[in-house]
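Dropping the structures in below, format is structure tokens.
Shared chain: chain A. Partners: chain B in the first complex, chain C in the second.
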Partner chain A sequence: MKTNRYVFWGMTQSTFIHIFLMGSALTCLFPLFWMVRCSFMTIETVFVDKALIPHHLNLGNFAIAWTKGNFAVYFLNSVIYTACVVTGIVFISSLAAFAFSRLKFPGKDIIFYMFVAAMMIPLPGFFVALFVLMTKLHLINTRFGYVLCMINMGLSMSILLLKTFFDKMPKDLEDAARIDGCSKIGIWWNVALPLARPAIAVIVIFNSLNVWNEYILATLLLSDAKLMPLQRGLMVFQGANSVDYPVLMAGLTMAAVPIIMVYLVMQKYIVKGLSGAVVG
Partner chain B sequence: MNRKVKGAAIFKDNLQNFFFVVPALAIFCIFYIYPFYKMINLSFYDWRGIGPMYFIGLQNYKELASDHLWWDSMWHAGYITLIALTFQNALAFALALACDREIRLKRFYRMVFFIPPVLSEIVVGFIWNWILNPQMQNGQYIGLLNHLLYSSGFPQLVHNWLGDPHTALTTIAIVHSWKGFGWGFIMLLAGLQTIDRQFYEAAKVDGASAWKTFTNVTIPMMLPVILVVMILTILGSMQVFVLIIAMVNEGLVNHTDVPVTRIFSAMQNTNRFGYACAEVVIFGMILVCVSFIMKKLSDKAKQA
Partner chain C sequence: MRKLIMLCSCFMLIVLAGCSQPPKPSNKIILWHWMTDRNDTFQKLAQQYKQETGIEVTIQLFAPSDSYSQKVIAAAQANVLPDIYGVLDKKSIVADFIKAGLVADLTDAMQADGASWESSLFDKALADKRFDAGNSYGVKPGIYGVPIDVTNEQMVYNKKLLAKAGIATPPRTYEEFIKDAQALKRVGITPFVSGWGELWLLDCFASNYAFNIMGEEKIFATYRGQVKYTDSDWIKVFNVFAELRNKGVLIDGIVTKGNKYAEQDFALERAAFAFNGSWSVNVYHDMNPSLDYGVIPPPPVSTLHPLKIWGSAGSTFVVNAGSPNKDKAIAFLKWLTTKEQQVVLAQETNNLPSNKEALSVISPILEEFAKGMDQSTHPNIWPLNEDPSVSEAFDKGIQDIIIGEKTQEQVAQDVQKVKDFQMAKGNH
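Our next item is the complex of A and B:
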């Protein structure tokens, strides 16, 4: 009798847990499903038809957003910015982290702690001074200026992460390479970088998320529609007098899907990066 | 002679090594150190962005101290943070606990809960803005939430969630939690998985109840991780900005303003750069203090 009660209690408990998890998962997914669903409707049906799968699927919104909505330009810009910033961060931060971990020069520790401190101090309204600086340097409304600012945003965290990784790397390979006549740059390129691939993957994924989703600096620094990335472009949409919701939803879908794909492919590195932040 | 040659070689070596950090250091100095200095410097000036700059000492700070809108905005951010700390983190913790066992679909849940965090605030804000739309057309609610409330027999609950000053901030805070709980979930789950199963076994042998095990084993072991998640939640929620712009777009300024929107509008709308910088300095100092206190607490928790 007693075991029965335990089994019963155990089953209700696990059912409850499953309902709880399923419910939360649905709450996460449903708004996205709703976004995609609405992107297939027309301005007439979107307000009245509340069926889960709309009666008439309309594929035209994506084409409208892409051409009339200027999304072809925004999308390309986002891809360019993300690629440039992430590449820049990987090279610059791995060079610096390699030096901090392996090479000797005066002032090394102070410079390193400067980067760490920069990560610890939250800068909520940093954009004010940055805007002033960029105006002075005539880098407002240039791709180059925006990319440099975004590289700076991800630098500290990437250097710290890579340095921790390089510190744990065995020295033997490096010594072997040095005996073979490899220069320091050669060791960085041929030994350190290939070995650091897992850490670089973490850096790539987190910085890609950051750049792809960035909005504040894009608003301040880029007012030319030809230079705007997706997030900024979406805001232009919203600002229109009468919002064409299906087209807006198509635009949102186009902004959300690539980053979700990247996330799904590189998911394990996200878990690794965040677990490292907690446990490591 | 020999020493001199050696010295020169070392110098050359050091210089070579130093060049590895030059790109990072240059970007850091130009785009971080200089703006940092400029921000503090500008906060003592009255400046419209262009034209002459007037040194006014602490005038900006004095004005800020009695600026009700500013301190209101601080409360609003505090309110959002409070909801994120309680509701969002409790949810994240509960979900992490539920996933910290042999359970079907575990990988699926872990994948799904991190989807909202990878979306941008703009996308999240627009989606929820659309779901929460209060308007009616042909006797039907346009927004999904009100439509569901109405058609499932709760017409009294139909509400203009984002348009009503009383509910706007809470609605934003809940959407913010929806977007953010995945971070806490992943970190807490990672922390839970490092707890040695032996502790649970031992508790079971001693006949401890599930609740006793939770309060006496799980919580103390998890305290450092919980504090990290709390610090990140506070810093993230106090600085919430884009989500608010995307959801209400300055529609309800005095009810949904947070410090960053104030800073932004001081700079963009009224062109008061000095004042904006003073706001940044004060806000930054408050955040540094909060994270410093939390850091001290977490060090203490680690020692215990």
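Our next item is the complex of A and C:
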């Protein structure tokens, strides 16, 4: 009797938890579903047809979005920016985090807290300073200048995340590597980096998402349309007063696919990476 | 270590010194803008201009307008503004740009050849960037901008829905409007929608009626503090909204409705009348190309004073005073605002042209909007404006009247309290 009550209570609890989780999942997935749904509609039906599955499917929006939005150029640009920025962030932040965690040098804590404090400054706060600096350095309207700024934007959080990981790395591992003849760089490359793979996966996902969806800084630093990222293509469908929703949704769907794929490939590391429970 | 620091410093100095070369005149001019929907037409016109004159105009789009404004401000501080650009801010900010030497005075160009360029454009559109002698901004008198289109805010009506309610012609007076609204309600049609969740649109509608009820002298006297908001004429303005509420003219939730949603309601034929700007021609066309509608000014409630609508420059370009290609930039803007180019812009982008001569070849619905320009006014060209906190109290008070939280008298007293406070602080 007692067992039955426990089983019943357990099943009830599990049912409620599953209902709650399904509800949460639905609220997350519904906007994505709505985006895809609208991308198959026309401007005439998008405000009128309330059915979950549109009565008439219009596949032409994707071709319009690709050509009118000049997606081929912007897509390539975004791939280049994402690859360069994420590689740069992983390389620099892992080196910096390793130094903050395992090395001793004067002003270590102050410099680290300065990096962390940089996270608190909103992007528009340094627009003017950044623009003036990049103009003076002749890096305005260049891919290199934009990549440098984006790397800079992603560093603070990445350093903080990786430092937390490296702090938990047992000293014995480092000593063992040193006995085996590893230099400091060798320890970073052969010991610290492989152990921090989950944290690096989180950094890759977060920063890929950031760079892929970034537009404000690109508008500020780039003038030539040929250098602009993917988000510039989506702007074409948003007029000052009116928006071509179906084509915009088709563009958004295409823009979302690569980043969803990155997420799916790396998702197994995310929980480990965010909890910080790896090293040992 | 010191050597390294010295080396780095020298490198930085060399890099920084390299960027201080003054720009040279060329046959290329750069134009920055924010108008996504007009970009293709601008590009086309730039191509045409190159063929005609050999001067290459590079059109660069930065949207949305917030990002564009940030770029312009950053570029102004770095002194790298393009030859032609727009300042999307209030007149005081434009004045700051002028005083900083970033905007060229176009008065001479406008008034050359018997002021042919100036006279071809809507005066009210030019007034947006015109600074008169003794202006409160301390700017040298002159014309500092070229409007490429104009806008005004009026009422639109759905012909099909009016016919369904047995209404043959749109209302010419406020009384007729209320009567038509009752007829529409009887056949289950919502009479009126507007985005009055956005205070500026509500303020615009209210000021239309203020002009009609008391005339501009009394309005400005109120702004100067010589007439109180508790005056019977201001109560009459509030009464307009109370009556619209009491007679069930307004769509449910009008005071929380953004204009985008109000535009959807009208385009999808959920309401028979709407109060909106001339830009809505584009919006309605995109949402419902078969929508059959007309334009009227808000029906006047009084015959004592003319009802004035808001109308002014839509988008205005300025020329960089420091540009080595200043004259070429001015010449391009002059060309862009001639009748031929304005017709192309109006036909392809569905905006009201700033050139009066181009009105003869625009679409019928734009023509209806254009008729309102003669009776238009705008806060940007008024000799003085109300303190923003008083305007906010005024607009929010009207929202309170619409939702039935306050009476007209209560709102009048509340607004007057804010006005008295501002007067005591020395504002106006």
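Assume the second predicted complex is superposed on the first by the 192 of 280 C-alpha atoms of A that agree within 3 Å, B and C clash if a C-alpha of one lies under 4 Å from a C-alpha of the other, contacts with A are read in each partner's own complex, and residues count from 1 in each chain.
Quick note on the criterion: contacts are C-beta pairs under 8 Å (C-beta built on N, C-alpha and C of every residue); 3 or more make two chains touch, one makes a residue touch a chain.
All values derive from a computational prediction rather than experimental measurement.
Trainee: Please work out whether A:Trp34 is in contact with chain B alone, chain C alone, both, or neither, and reply first, second, both or neither.
Mentor: A:Trp34 sits against chain B, while chain C stays out of touch.
Trainee: Mind working out whether A:Ser223 is in touch with chain B, chain C, both or neither, as first, second, both or neither?
Mentor: second
Trainee: Quick one: is A:His55 in contact with chain B, with chain C, with both, or with neither? Answer first, second, both or neither.
Mentor: The answer is neither, since A:His55 touches no partner chain.
Trainee: With the two complexes superposed on chain A, say which partner A:Tyr215 touches: chain B (first), chain C (second), both, or neither.
Mentor: both
Trainee: On the A-aligned overlay, A:Val128 touches which partner chain: chain B = first, chain C = second, or both, or neither?
Mentor: The answer is both, since A:Val128 touches chain B and chain C.
Trainee: For A:Lys171, decide between first (touching chain B), second (touching chain C), both and neither.
Mentor: Neither partner.
Trainee: Between chain B and chain C, whom does A:Leu103 touch in the aligned arrangement: first, second, both, or neither?
Mentor: A:Leu103: touches chain B, not chain C.
Trainee: Should A:Phe47 be classified as contacting the first partner (chain B), the second (chain C), both, or neither?
Mentor: A:Phe47: touches chain B and chain C.
Trainee: Which partner chains sit in contact with A:Met235 here, chain B, chain C, both or neither? Use first/second/both/neither.
Mentor: After superposing on A, A:Met235 lies in contact with both chain B and chain C.
Trainee: Given the superposition on chain A, which partner contacts more residues in chain A: chain B or chain C?
Mentor: B
Trainee: What residues on chain A does chain C touch that chain B touches too?
Mentor: In chain A, positions 47-48, 124, 127-128, 130-132, 215-216, 235, 238 sit in both the chain B and chain C interfaces.
Trainee: Chain B touches which residues of chain A in the complex?
Mentor: On the chain A side, the touching residues are 17-18, 20-21, 24-25, 27-29, 31-32, 34-35, 38, 47-48, 50, 91-93, 95-96, 98-100, 103-106, 111, 114-115, 118, 120-133, 148-149, 151-152, 155-156, 159, 184, 188, 209, 212-213, 215-216, 231, 234-235, 238, 245, 248-249, 252, 255-256, 259-260, 263-264, 267, 270-271, 274-275, 277-279.
Trainee: Which chain B residues qualify as touching chain A in the complex?
Mentor: Its residues touching chain A are 13-18, 20-21, 23-25, 27-28, 30-32, 34-36, 38-39, 42, 49, 91, 94-95, 98-99, 103-105, 108-116, 118-123, 126-128, 130-131, 137-138, 140, 142, 144, 147, 151, 178, 182-183, 186-187, 190-191, 194, 225, 228, 235, 238-239, 241-242, 245-246, 249, 259-260, 263-264, 267, 273, 276-277, 279-280, 283-284, 287-288, 291.
Trainee: Would you tell me which residues of chain A are touching chain C in their complex?
Mentor: For this pair, the touching residues of chain A are 43-44, 47-48, 124, 127-128, 130-132, 135-138, 140, 215-216, 219-220, 223-225, 235-236, 238-244.
Trainee: Chain A touches which residues of chain C in the complex?
Mentor: Contacts found on chain C: 15-16, 18-19, 30, 32, 34-39, 60-65, 67-68, 70-71, 73-75, 77-78, 80, 264, 267-268, 279-280, 282-283, 286-289.
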